[in-house]
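Both complexes below contain chain A, partnered by chain B and then by chain C.
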Partner chain A sequence: MSYVLEVRDLHLRLGASHIIKGVDLTVGEGEAVALFGRNGVGKSTLMHALMGLVRASAGSFLLSGEDLTGKPIDRIARAGLAIVPQGRRIFPTLTVQETLTLGARKAAGGWTLERVYDLLPRLAERRKQHVGLMSGGEQQMVAIGRALLRNPKLLLLDEPSEGLAPRIVGELGEVMAALRSDGLSILIVEQNLELGVNLADRVLIMDMGRIVHESPVQEFRDDPSIAHRHLGIL
Partner chain B sequence: MRWVVRLAVLALLMAIPFIVNEYRVGLVAQILIFGLAAASLNVLVGVAGLPSLGHAAFFGVGGYAAGLTAIHLTQSVWVCLIMAALVGAVLAVPAGLLSVRLGGITFLMLSLAIAEILYSASETWRDVTGGSDGLSGIPSLELFPGFALDLVVERYYFVVVIFAVLYMVLRRFVDSPTGWSLRGVTSNSERMASMGYDVNRYRFVAYVVAGVVGAVAGGLNVEYSRFASPEDLGFALSSLLLVIVILGGRKRLEGAIIAAAIIVYIRQELSSQFNTWEFGLGLILVLVIYFLPGGLSGVRDQVVKALARRRALRVKTTEGGTP
Partner chain C sequence: MSDYLFTFVNGLARGLLLFTMAAGLSLLFGVMRVLNLAHGAIVLAGGYVAVTLTARATGMGLIEALPIALVVGALIGTALYFAVKPLLHRDHLDQGLLTLGFAFIFADIAELFWGTQVYSPPPPDFLNRSIELLGGSYPLYRLVVVGVGIVIAVAIFVVFERTRLGAILRAAVSDREMVAAVGFRVPLIMGGVFAGASALAALGGVIGAPIVGVRLGLDTETLILALVVIVIGGLGSLKGALIGALLVGQVQTLGILLLPQASAFLLFGVMAIVLIFKPAGLFGETVK
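Entry: the complex of A and B
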């Protein structure tokens, strides 16, 4: 299998704290990988390092074989990495359609505004509404649509279910399942294990800045002691 | 509606020489010239979020370029203004490459430093610039060979036309996708970058556009006044332009013109009567910053918002059925 994302021995220090201590991880073409871990183990920092928001101290990461270590954010974004950031990070004064088209990038056979509206019909109804006035779940859908229109090689989802009502999380799961069956490569960081497990082919668990567990999703599902040991879940 | 207002303003400017005396015509020309310079600074400060304390550098350099071209090369006003624009660009490209990636206070200090270097150069390089005496002996410029812009009215109309054209250029730039992307960059540069926008390239484009238009405004000033001096590059003018932008409101281009009108008017009218017009200006600025954070042009937005709030409140009370 060829890899979309290859992270090799990535380290990140912020001041005196060594936050990421040598992470190796891969995401294959069309694969969905879920990254779990308790609060403060470095999951989001890892996402930020991949996006170029913080600079890794050592190690490297490659997107479809292209070394993007230490490259500026926009360069990484144009290379084909799109993030749905934690807390969504939308411009509240823009409308739905403006937000979606803001970073849009054409690709043959890729995502278009029409396809995004087909996937997320609620956004089509509200295309002229200001995003800041929408519910958290709707904003999350806008953030996903915006990332899709970048036509990324890899989609990073940083805790997409955070702060959403359970019913909305269910809808979110359906949308992500549709993306996966469409063949999109996905790396998702989640606290909601069910959402992550339903989506992913493979599960990684991070603790204290290291990947401490890696297995196919079936193994994780079948052996509850894994989650118990690493995540403290009974 | 927009075009109605624009054409009405243009018609008013065209009628000015028939309404007021020659001295006042000159005042309006100054308003337009400084308004254009302030509007170009507004693109930098308000749209691109780069606070500059050295915008007079472009104004002055454009002025010297136009003046020296007129003395040594040709009296064609078109060539003079094109030279002003070119020299503005020659300054803006390296200065922009050097400074836009810094942003914030560092950008501010560097803009000041660049302007001060040029200021002292213009004072020292007497052979070319005339030093602190200024560049005098600039001939009347010619609209086309044989037709010199001699009369105040002729020079005034030329200023109006160039002002109108360049104001529309700035307007188009600000409303273009690039302009809106710049607002996004100003609002949150990391967010724009993570959508694939090269933040510094957008800032650089805004810097060059502002610099070139600022330089042409300086050239226009020389066309009108036939004089250039180190003052045109100086800190006093830079800060005055920034004051105009803040007074007018950073968010709106037309604010710079309105504020330029007020400031040029009180400077001319009051400085002959009171020596301390700067005191009055400072007081106005404090009051505006305190009570009108969006500047003069922000007043309309505030009124619109207040009305919308009242309407929303009324709708809510009628819907709720309680008084």
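Entry: the complex of A and C
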């Protein structure tokens, strides 16, 4: 299997704190990987380092073989990485359609505005509405659509279910399943284990800036002691 | 009655001119979080472009000075962007000091070339007359300034609210990192905003030249007014800048008519009142 993402011994220090302490991970072509971990262990920081939002102190990462370590955000975006960040970070004064088309990139057989509206029909109805006035669930869909229209090689999802009502989380799960069956490569951080497990082929667990567990999703599912040990879940 | 009407129109002309100048300052703050204290100097530079082109034996008028001032403004803005770039991640005090330094340098250079006298470049010939208005006589050029000011204001809003460029700018006001994360070169956007804001400032300098009198000191005066405007309106809000500019225009002209002794205080009084009730300005969001 060829890798869409390879992270090699990545370290990140912010001031005096050593937040990422040597992370190695891979995401295969068309693979979905779930990254779990308790609050504050460095999951978002890792995602941010990959997107270029913060700079890694040491180590490297490659997207489809291209070394992007230390490159600026826009360069990494153009190389094919897209992020749905924690907290969504939508543009409140833009309409749905303005947001979606803002950074849209064409790709043969890829995502188009029409396909995104088919996938997320609620956005189609509200294409002229300002995103800042929408519900949390709708804003999350906008953030996903914005990333999809970049036609990324790899999609980073950072806690997409955070703060959403259970019914909306269900919808989110269906959307993500559709992305999966479309063959999109995904790296997802989730506190909602069920959502992550349903999506992923492989599970990683992070603790104190390190990857402390890695297994196929089936193994994680079959052995509850893994979640118990690393995530404190009974 | 016509006294008040003329005062109102004068205030309107002033307010719209002020908006042309303050819009750029507001946008610079909104998109880049940069406090550009050289903004008034660029307005004055536009004024001197008008003075020079209309006075010398160039055969040019104010209208020909417009595109040249736009280009001069854009060039100064681009240069300023590169000068300020290393300080973009520093706080406003550092940026303010640097740009204020540039403003001082500009004032010294301007004094060398143009001295300390007041210039009033003539309006274009076909506008250089008065017309009958409600039983009084009113300078046509001022009415045209009102018209042009409205056109510029509408154009600014249409671009900002209805175009793709405007969407990029609005997105950059709320989250520059995410704008980069969808593939844009943010430095290019910021350089463009600096150039555009400065071009607008210079444009304001040219249009206002026949009315306000081009002289040393206009730079700081304009800067302070523009700062008052965006503080009243809310930092980074264009709508706020428009309302603020129209308000300041009226306060200034009405103040001189009604309370000539207190007119200078009136302006800051209005600002203080606005800030007491709306600390972030009329349309400002609380700065994070």
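What we mean here is this: the second predicted complex is superposed on the first by the 234 of 234 C-alpha atoms of A that agree within 3 Å, B and C clash if a C-alpha of one lies under 4 Å from a C-alpha of the other, contacts with A are read in each partner's own complex, and residues count from 1 in each chain.
In this section, a contact is a pair of C-beta atoms (placed from the backbone, for glycine too) under 8 Å apart; a residue touches a chain by one contact, two chains touch by 3 or more.
Just so it is clear, the structure is predicted and the values come from calculations on it, not from any experiment.
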Room on chain A for both chain B and chain C (clash or fit): clash
First (chain B), second (chain C), both or neither touched by A:L133: neither
Partner chain in contact with A:I233 - chain B first, chain C second, else both or neither: neither
Winner by number of chain A residues touched, once chain B and chain C are compared: C
Touched partner set for A:L14, first chain B, second chain C, both or neither: neither
Touched partner set for A:R105, first chain B, second chain C, both or neither: both
Set of chain A residues, in rising order, touched by both chain B and chain C: 51-53, 72-74, 77-78, 83, 85, 89, 91, 102-103, 105, 146, 150
Complex interface listing, chain A residues touching chain C: 51-53, 72-74, 77-78, 82-83, 85, 89, 91-94, 98-99, 101-103, 105, 146, 150
Residue ranges of chain B in contact with chain A within the complex: 184, 187-188, 190-199
Touch list for chain A against partner chain B, complex: 51-53, 72-75, 77-78, 83, 85, 89, 91, 102-103, 105, 146, 150
Chain C residues within the chain A interface of the complex: 164, 167-168, 170-171, 173-175, 177-186
